[in-house]
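Several structures are given next for inspection.
Heads up, the next two complexes both have chain A, just with different partners, chain B and then chain C.
Up next, the complex of A and B:
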């Protein structure tokens, strides 16, 4: 028992958890034909069958049932704030499975030159009233019932009046903002709190203009739009939902990482002494001491950032994104790749923080500019 | 009302007939691909458009009558002069309402009573503070930590430089730790862990005439700007 718990605790440490998920993710959601072949070979598409779905459900259920026997796990999972997140885990898993099942099903139909499941006779029409309105009414009644039962059954997590000189420990954002709060650990507030959220919204709005693939409109399919689905799922499942789950269950007092079965020790010591890139360059590598000129001090970080955004896009366009570049054209490709690079900068910065304790690549606190 | 519905229904009927005549063509298209099915659907909607002016024409004569409740009255056409006077009135009302709104907003910024502690306050005598310790007793009321080391006394701001939460002093670990994103500061206020980009700010601290410590929170000293060497940012004891 304790062995299993300590194994899970170790696996839940951010470096291992993130590496495991990122490595396996694109085999489950293949990005291109190479990954797709491996997906088939490893039979990972068996997730998206009835049997696979039931298996996933049972595994999740067993994990939570097993966890509830543990005092620390029970304390966090059954906290009224966190109950919706447990629901979210099951719901996200279910809807991912549901859509992928239909998509994979349709892929087979398309391969056999059959009609997709969503195909309907254009003459066959359904009436708004009563067909749609009845369903909406039933959904509305059920949701109301659920909310009433929920609000009676679980105490609202209200706390004492706010006090500006006393932040609760840990101070957690509402669950839907925990992904943003996790980002704020690795970035300056203006990046993680302003730039990234705006880019997420702009990026989502840009999808119909960037993705001009006419296939898959009005029906589920995976193979016809493999890259679009997999990239989106990476952003949604890994960079958003996973961060919410980490923020809810794995972040404890003083915003330290805790395994799911670990006691939330207020005095857990985690050596987190972070160093800026300029300090790495001038103090550790050159051992000359920091130069006084700000620009000279931060030039390495600035060059690195410029290189990331200016050199990588044309490099990718010439190499393994050649087809995409030809299809999208210059402007669309540039917007697409810049958005992707911004999204990727998240896990990159997280790894840099975890592995080499890098605080900021460009650190100009004098002008509130840190990257 | 029921009659009207009935009329509209009858009007729609010939349209339906048109649709059914068009259908054989569409059927062929839709068999090929479901995306083209959507285009076909659009085609169906288009023939409706020319009907709109027809309806308007039919309703034309009744339009002069605006109905209020059960009865209806004749609406007199508005004359040009009276229209301008109405426009003026509307603009005056709009300006007044907007003006009042923003005036109230402005008034809201200056409350009658301010439940804020004084920005400048006396914090006892230097000897009240033990060497090498962080005094947290003033944190709740005034929002400062007072720290005495071997030579100096200084007052640290309790606002984290990352996103403005209030860190806690952890006595065992000898550090300030922010519960929001995990920033850590040394006793001196220097940031060393987590995302905080700058050290905590120090407040102006001087000796008052009666020998007490006087702290002025309106004046801040930032390390990264080299202001900690300012003689007002610490007290020599």
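Up next, the complex of A and C:
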């Protein structure tokens, strides 16, 4: 028992969990034809069948049931404000499965030149009253019942009265912002708290204007819109939901990482030996000491960032994103690739932190400008 | 029930449906035929959000998941419970927390706060799932691009509504969550006093952007989460944001119809 727990604790540590998910993710939600072939070869699309769905559900259920026997697990999962997130995990898993099941199903129809499941004769419509109205009524009643039962069963949390002089440890934002708070570990607040959320909103709004693929309107499908669906899933499931889950369940006092079965020890020590890129360059590699001029000090990091955003896009456009570039045109491609590069900068910075303890690529604390 | 009784009962319903009062409220009477059913949708201010007829897949639960409708419904539930809560709650440091205790212990059948809080969490989830469904069915594509944009605004407003409401109980959970959340505003480029570029906005030695004049100050009405912040969040939560979100919702619903109704395979 303890062995299983310690294995899960180890697997859940961000380095391992994140690596596992990133490596497997694009095989499960293939990004392009190459991944798609592997997806078929490894039979990963069997997730999206009734049998696969039931298996996933049972695994999730067993995990939570098993976990609830553990005191530390119970303490965190059953905290009233965390209950919605447990619900969220099940709901997201279910609806991901439901949409992918219908998408894969339709892919087969499209391959065989048949009509998709959603197709019906345009002249053969149903009446809103009663066909839709009664479904809405039932949904409404069920939702009301759920809310009332939930409300009677679980009291809304109310802690001690507000005390500005006594900060709890850890102090957490509301759960839907925990992905951003998790980013604070790796980025300065102006990036994690201001730039990223703005870009997320702008990026979401830009989706319909960047996706020039006309196929796939009005029915679930995967193969026709592989890249769009895959990227959306990555942004939503990994960079959004997963970070929220990590932030809620696995971050304890001092924002240290704790496995799901680990005791939240206030005194857990985490070595803080993060080093800026400029320190790497001047102190470790050149052994000259830091130059006084800020620009000279940070020039390497600035060049790196400029290279990332200015050299990579045209490079990709010429090489493995050539088709995409031709399809999207100059402007759309530029916006698209910049948004993607920003999204990728999250995992990149995380890995740099884990592997070489990199603190900032550009560090100009004098002007609060740290990247 | 004998046949004659049944007939009699029917005729009472029928007479009720044909009475002047009923017909003055619901013009088309009790819908019994195709025409009546169409009219009942057409003539109702609430139901006419819907078209009269729909493609078959559009009424299937596995296509829409009902998430958009449920989000709207939960919004209504939150409005009603919110209004009830406003009877009991005073947004001052002195009373806010004790009013919460009162709500819990003195108000009979007091689950309004529970419904409001859990409903708020649920609405965030249903809005996400609605967005997910719309993405997976490609419903954001032309001609519905702009409605997707409006939808993203609605998602943002939903999160902001939930965030402003988080402060109101004025307990440790509330004040520190808002402190963590609003601390990020300090670092807004140019507009926050600890943001990059803020130091550039100065006249001689005088900083234009400092702790008493940046966006965080505007948000909290002070340098820390206190009385003014509570009032600001209360007003935003009860009046400001609902006002804005209702406008966006009106546009969102209107545009569904104007952009060709629910997405349909060609």
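Just so it is clear, the second predicted complex is superposed on the first by the 371 of 371 C-alpha atoms of A that agree within 3 Å, B and C clash if a C-alpha of one lies under 4 Å from a C-alpha of the other, contacts with A are read in each partner's own complex, and residues count from 1 in each chain.
Definition applied: a contact is a pair of C-beta atoms (placed from the backbone, for glycine too) under 8 Å apart; a residue touches a chain by one contact, two chains touch by 3 or more.
Here the structure is a predicted model, which means the values were calculated and not measured.
Of the two partner chains placed by the overlay, only chain C lies in contact with A:209; chain B stays clear of it. Of the two partner chains placed by the overlay, only chain C lies in contact with A:125; chain B stays clear of it. When the shared chain is aligned, chain C comes close enough to touch A:99, but chain B does not.
With both complexes placed on chain A, chain A has more residues touched by C than by the other of chain B and chain C. Touch criterion not met for A:20: it reaches neither chain B nor chain C.
Once chain A of one complex is fitted onto chain A of the other, the partner contacts of A:167 extend to both chain B and chain C. Once the two complexes are overlaid on the shared chain, A:185 sits against chain B while remaining clear of chain C.
By the touch criterion defined above, A:143 lies against chain C but remains apart from chain B after alignment on the C-alpha atoms of chain A.
When the shared chain is aligned, chain B comes close enough to touch A:360, but chain C does not.
Once chain A of one complex is fitted onto chain A of the other, the partner contacts of A:116 extend to both chain B and chain C. Applying the stated touch rule to the two superposed structures, the overlap between the chain B and chain C interfaces on chain A comprises residues 115-116, 118-119, 122, 163-164, 166-168, 171, 181, 184, 188-189, 193, 214-215, 217-219, 368.
Looking at the complex, you find that chain A touches chain B at residues 115-116, 118-119, 122-123, 163-171, 181, 184-189, 193, 214-215, 217-219, 253-256, 267, 269, 272-274, 359-360, 363, 365-366, 368, 370. By the touch criterion given at the top, residues 31, 34, 37-38, 40-41, 47, 50-59, 61-63, 65-66, 69-70, 73-74, 77, 93, 97, 100-101, 104, 111, 113-119, 121-122, 124-125, 129, 131-133, 135-142, 144-145, 148-149, 152, 155-156, 159, 162-163, 166, 169-177, 179-181, 183-189, 192, 194-199, 224-226, 262-266 of chain C touch chain A in their complex. Interface residues of chain B, counted against chain A in their complex, comprise 23, 26-27, 30, 34-35, 37-38, 40-41, 139-140, 143, 158, 162-163, 165-168, 170, 172-173, 177-182, 184, 192-195, 197-198, 224-225.
In the complex of the two chains, the chain A residues touching chain C come out as 81, 84, 87-88, 91-92, 95-96, 98-99, 102-103, 115-120, 122, 124-133, 135-136, 139-140, 143-144, 146-148, 150-152, 154-164, 166-168, 171-177, 180-181, 184, 188-190, 192-195, 201, 204-205, 207-209, 211, 213-221, 225, 229, 232, 236, 364, 367-369.
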